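A short worksheet on the structure shown next.
The chains carry the letters A, B, C and D, assigned in the order they are written, with residues numbered from 1 in each.
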Amino acid sequence: MFEDGSIFNQLLVERLNYFIYVVLLLIGLWAMIAKNNLIKKLIGMSIFQTAIILFYVSIGVKEGATIPIYLPEHDPHGSHAQLDSNQTELLSHGAKVLEASAVPNYTNPLPHVLMLTAIVVGVATLGLALSVCLRIYRGYGTVEEDELLEKLEREDSRKSGGSNKRRPRRRTPANKGGPAGQSKRGQTTEKTKSDKPTPRRRQASKSRTKTNGPAKEQAKSSNRENDKPKPVKRRRPARKPKEDKS
Amino acid sequence: MGLELFNTLILCLLVVVAVLSLWVRDLVVSAVVFAIYSFLMCLLWAEMGAVDVAFTEATVGAGVSTVVLIATVFNLKRKAKD
Amino acid sequence: MKKAAFILVLCIGLLLAWAAKDFPSWGDPQSPASSSPVASHFIANTGVDTEVPNMVTAVLADYRGFDTMFETVVVFIAGLAVFSILRGGPKNRTRDREFVVDFEPDLIVTNTVRLIVPVIQIFALYVLAHGHVSPGGGFQGGVAMGASFILIALSWDLKTALARFPIERCFTVAALGIVIYAGIGLLSLFLGGEFLDYAHLAKIFPVSPEMARYHAMLGVEIGVGFTVTAIMFALYASLSTDGRMRDGL
Amino acid sequence: MSDSIVWIVLFPLFGAVACALGGAMSKKICYPVSVLSMLATVWVSVDTLFQAIESPVHEVSYILGGWSLDLFPRGVGIEFRADLLGALIALVVTGVGLIVALYSKVPVQRETPGKEPMYYGLFLLQISGLAGIALTGDAFNLYVLIEVAALTGYGLIALGTNRAAAATFNYIILGTIGASFYLLGVGYLYLKTGTLNMVGIREVIEAHGLFDSPAMQVAFVLVLLGILIKMAFFPFHAWLPNAYCHAPTTTSCLLAPLVTKVMIYVMIRMVLTVFGVEFSFESTWWTEFLPWLVVVAIVCAAVMALAQREIKRMLAYLIVAEVGYMVGGVWIYNYYGLIGSVFHIISDACMTLCLFLGAGIILEKCKTTHFNGLRGLFAKMPLTMIGFFIGGFSIIGLPPTCGFFSKWYLITGGMVSERWEYMITLMFSTMVMVVLFFRLIERIHLAVDESGNNLGKGHGDLGLTKQQTRFDEAPLSMLIPLLLAASVVLLVGVYNQEVVNQIEVFLQPFNLPTGVKYE
């Protein structure tokens, strides 16, 4: 397709809009998939959506047509210069269907309307995604995808994979199902005690698990929500040197 | 002809600016460049006769999106790794 | 990963470029989209059906009013979701941002903003109300209005802006906007028409059915403006403070 | 009433607004408001279904704004069309919504304290969006409603833990790519046809013979790709397990049965109503290979489900496999396959609901859904487990449940079209599900240690302590919805012929091959 010189030519000269829209779309899509920084991904997302909007607006372009607002001669209220309350009533009866010859004078309004909607949907998505980014940063201290994946993997293996092979080991003592983030204070002391159990400790918890299994697991899993602030604690020492390097 | 040249110029600039906003490492700069992108887009649409879309893009894309992006970046790390 | 993404993206690009050869030529008035009876109907009949000179407003708020209602709902959803996702975070986290903002409001900036904000707000109202005859409407006006509050937050601090527009009130106003929009639709439903068929409002208001559509569109745009104003400000307030609603940008 | 079709969307919308407004005063009103609005919604959707059944053309058409449809490619206003398929799906959506709304009382208070107004607001808007998707007759309005459903979905998932937020980000990226591809596809359609009304688009395609037009082909690819991404079809499924696994209980109960299923409905709608059978199956050569993709999808998802050690995650992979079933049922291009596909949407929604409600109760009572925490649960809460396993048996496809009948139609379709690879994969994944659920039953019924050895000594001794077998059933507000869902699974199974009759009435006009070509 591309080797065909005429199409290439046609694309570049006559349909530059369509060509550029494809390029922008690809840039955005590539950024969404391959960029490492989550904010960059979102900027890519916006570029992607804008490219689609450009495509729609290009559909609506009509040679020799003006913007989709009635010119004074077609205005249902007549010229706006003479608009006052009495005359509005009079002139409003004069509104009539545009004759077919006048229709090509105006651009098709429909793509524009659709794109107004798309723009607003785009900004709503952007805002929501940014708030998710902030939440991720709150929990994991990073918005870089590779670091985030690493931390998530560590967390997941602690939660399920780890207890898969070994006995469920004791971690932070249960905070009785507290809501997200409220158990922030007082975490430091518990963390030093229980986050990295020594082998001896693990042994101890193992023997205890045997005696009353489910009870222990209840304690373990009620941390499901509470143990997430932990990475925040871990973040600061981990983050500082990295910043210095970069 | 003049309009066509204008059109072509903006289209080329758009690609440059889009790449630039993804290439820059500083996220605030990236957001501002993205605002430029939105604004160029808005000019292009105004030229193509889509005045309402251009107006919306100017307020939403170049305005609120950028403010919101920068507001978020201020709560995050400003430097991106790529 | 990056290579795979690149190849994938390139494939999609080739597909799209291949389709481009089938497009009607640039700006062709005879293209299916431009010459379709649907488009011609919008262009020819907007004036008769609704008396609104700006076809985009008419199509947005009347012919495809249902889309616009859900578009407003989308904005509302974004506000609700952002606010509730970010709320309940650590209350007294120290500011570990990289650059701390000086909180002393600058004299020149605040005075300039003091002058500008009323102008912006008047302009926003103008854009909202004048959307029938010129580019503009509920969204643009609403965003401009929201931007004026954001400007206050930027030049003083968020507390000053929140004192003028508390965050709880944001959601009340936003919900109110949707109630206005859907309420106008419902009113026309109860008056015997279809949902959002504004012409039936002429039964209770002393205007012709066309002018009923005209005025109902204004009402609808006001609803949209309410929601968008409130949510744009709420978005900014939530995102700039990480949900703490204190010491923003 | 004649307007009931639009009320399906409006009741949840107003319920959400009422939650957001009234929740500021008292958080207690949110639960009753949402249950009431869901009750009203179910009532109007039942009404709409009966209207569609009784009407001579088997559909209810409602033009929002009262614009006429007289033009040739219609599409001046937005049309709501409830044919039998749409009305059935809308009923499924609202029914699931009602059951989950009933169920939500305890988990919402526990998992998102202080955020109830927002939670219920998003919850109801989600149902509004999904029901709207099932009913709308306008391609662009469908996009807006997809975004409504998607944004509420992101919000509902991200309300959970930080881990859930991390999972949401992937969902946002993939969901936006999917929706944008759909939007782009609609743009191509609009470029070639000049209308956005679904029936109008097909009329133009057939009138102008646009079957070989490259732009239309690309539009088809884009729309299909977008929908496949949104429905978490196999290579694009990455967001689903994490999102559903870490989301708040109520969210996963609502999203898991509905979101993917509704997107499959959208695919069927696109194939049958928008592009038309001739375009979708006969002018595109590559759709013949889709069943092979389905085979890969089902096998991979089933194997991954086998590797999971956590109920919710396992169920999430099962959903991915089930998506493969339904997509396959459509693309084997066969009357029975499509019946199976549509029926499987309904039955899969019911049984996934059942399973996720059960998993939610397990999480509530045991604080874990990991396999290791299930020991002796049957003795502890027998009713919950019965409900859970009715869902499980339905996924396996045991006869009195609805899963059996839908799978039966799918396999019949595969046989009639001679797509043996699809049939064999269905059998294989059935085996996998048998293994999965009987492994679960073993763990729930007996005491099994982590390496799989039975701790009981036999003869009635299950190896459980007194404390572990103490009767401790879930709260009634959670148990009743579960049993309701389980009875729906059984009822749909018993009365399967009634449902299939309606689907047949819907599919008759499309002249699908019934495939008697054995001579």
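In this section, contacts are C-beta pairs under 8 Å (C-beta built on N, C-alpha and C of every residue); 3 or more make two chains touch, one makes a residue touch a chain.
What you see is a predicted model, and the numbers here were worked out from it, not measured in a lab.
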Please indicate which chain is farthest from chain B, where distance is taken between mean Cα coordinates of the chains.
-> D
Between B-C and C-D, name the chain pair that shares the greater number of C-beta pairs in contact.
-> C-D
One chain's C-alpha mean falls closest to the whole-protein C-alpha mean, and that chain is A
Centre-to-centre distance between chain C and chain A (centres being mean Cα positions), rounded to whole Å | 19
Interchain centroid distance [CA atoms averaged], chain C/chain D, Å = 31
Please work out the Cα centroid separation of chain A and chain B, and write it as a whole number of Å.
-> 17
For chain B, what residues touch not just one other chain but two or more?
-> 51-52, 56, 60, 64, 68, 72, 75, 77
Indicate the residues of chain C shared as contacts by at least two other chains.
-> 16, 18, 21, 23, 31, 33-34, 38-39, 42, 54, 56, 60, 64, 67, 71, 74, 77-78, 81, 85, 88, 135, 139, 235, 239, 242
Mind pulling the chain A residues that touch 2 or more other chains?
-> 17, 23, 25, 29, 59-62, 65, 67-69, 110-114, 116-117, 120-121, 123-125, 127-128, 130-135, 138, 179-180
Pairwise touch list, complete, is A-B, A-C, A-D, B-C, C-D
Residues of chain A touching chain B in the complex | 16-17, 20, 23-24, 27-28, 31, 35-37, 39-40, 42-44, 46-47, 50, 53-54, 57-58, 60-62, 65-69, 107, 111-113, 115-116, 119-120, 122-123, 126-127, 130, 133-134, 137, 142-144, 146, 243, 246
Contact footprint of chain D on chain C as seen in their complex = 15-16, 18-19, 21-24, 31-39, 41-42, 62-67, 70-71, 73-74, 76-78, 80-81, 83-85, 87-88, 168, 171-172, 174-176, 178-179, 182, 186, 189, 193-200
Chain C-touching residues of chain A, taken from the complex the two chains share | 1-2, 7, 10-11, 14-15, 17-19, 22-23, 25-26, 29-30, 33-34, 59-65, 67-70, 74-77, 80, 92, 95-100, 102-104, 106, 108-114, 116-117, 120-121, 123-125, 127-128, 130-132, 134-135, 138, 179-182, 184, 229, 232, 236
Counting only contacts in the complex, chain B reaches chain C at residues 51-52, 54-56, 59-60, 63-64, 67-68, 70-72, 74-75, 77-78
Across the complex, what residues on chain C touch chain B?
-> 54, 56-57, 60, 97-99, 101, 127, 135-137, 139-140, 143-144, 146-147, 150, 154, 232, 235-236, 239-242, 248-249
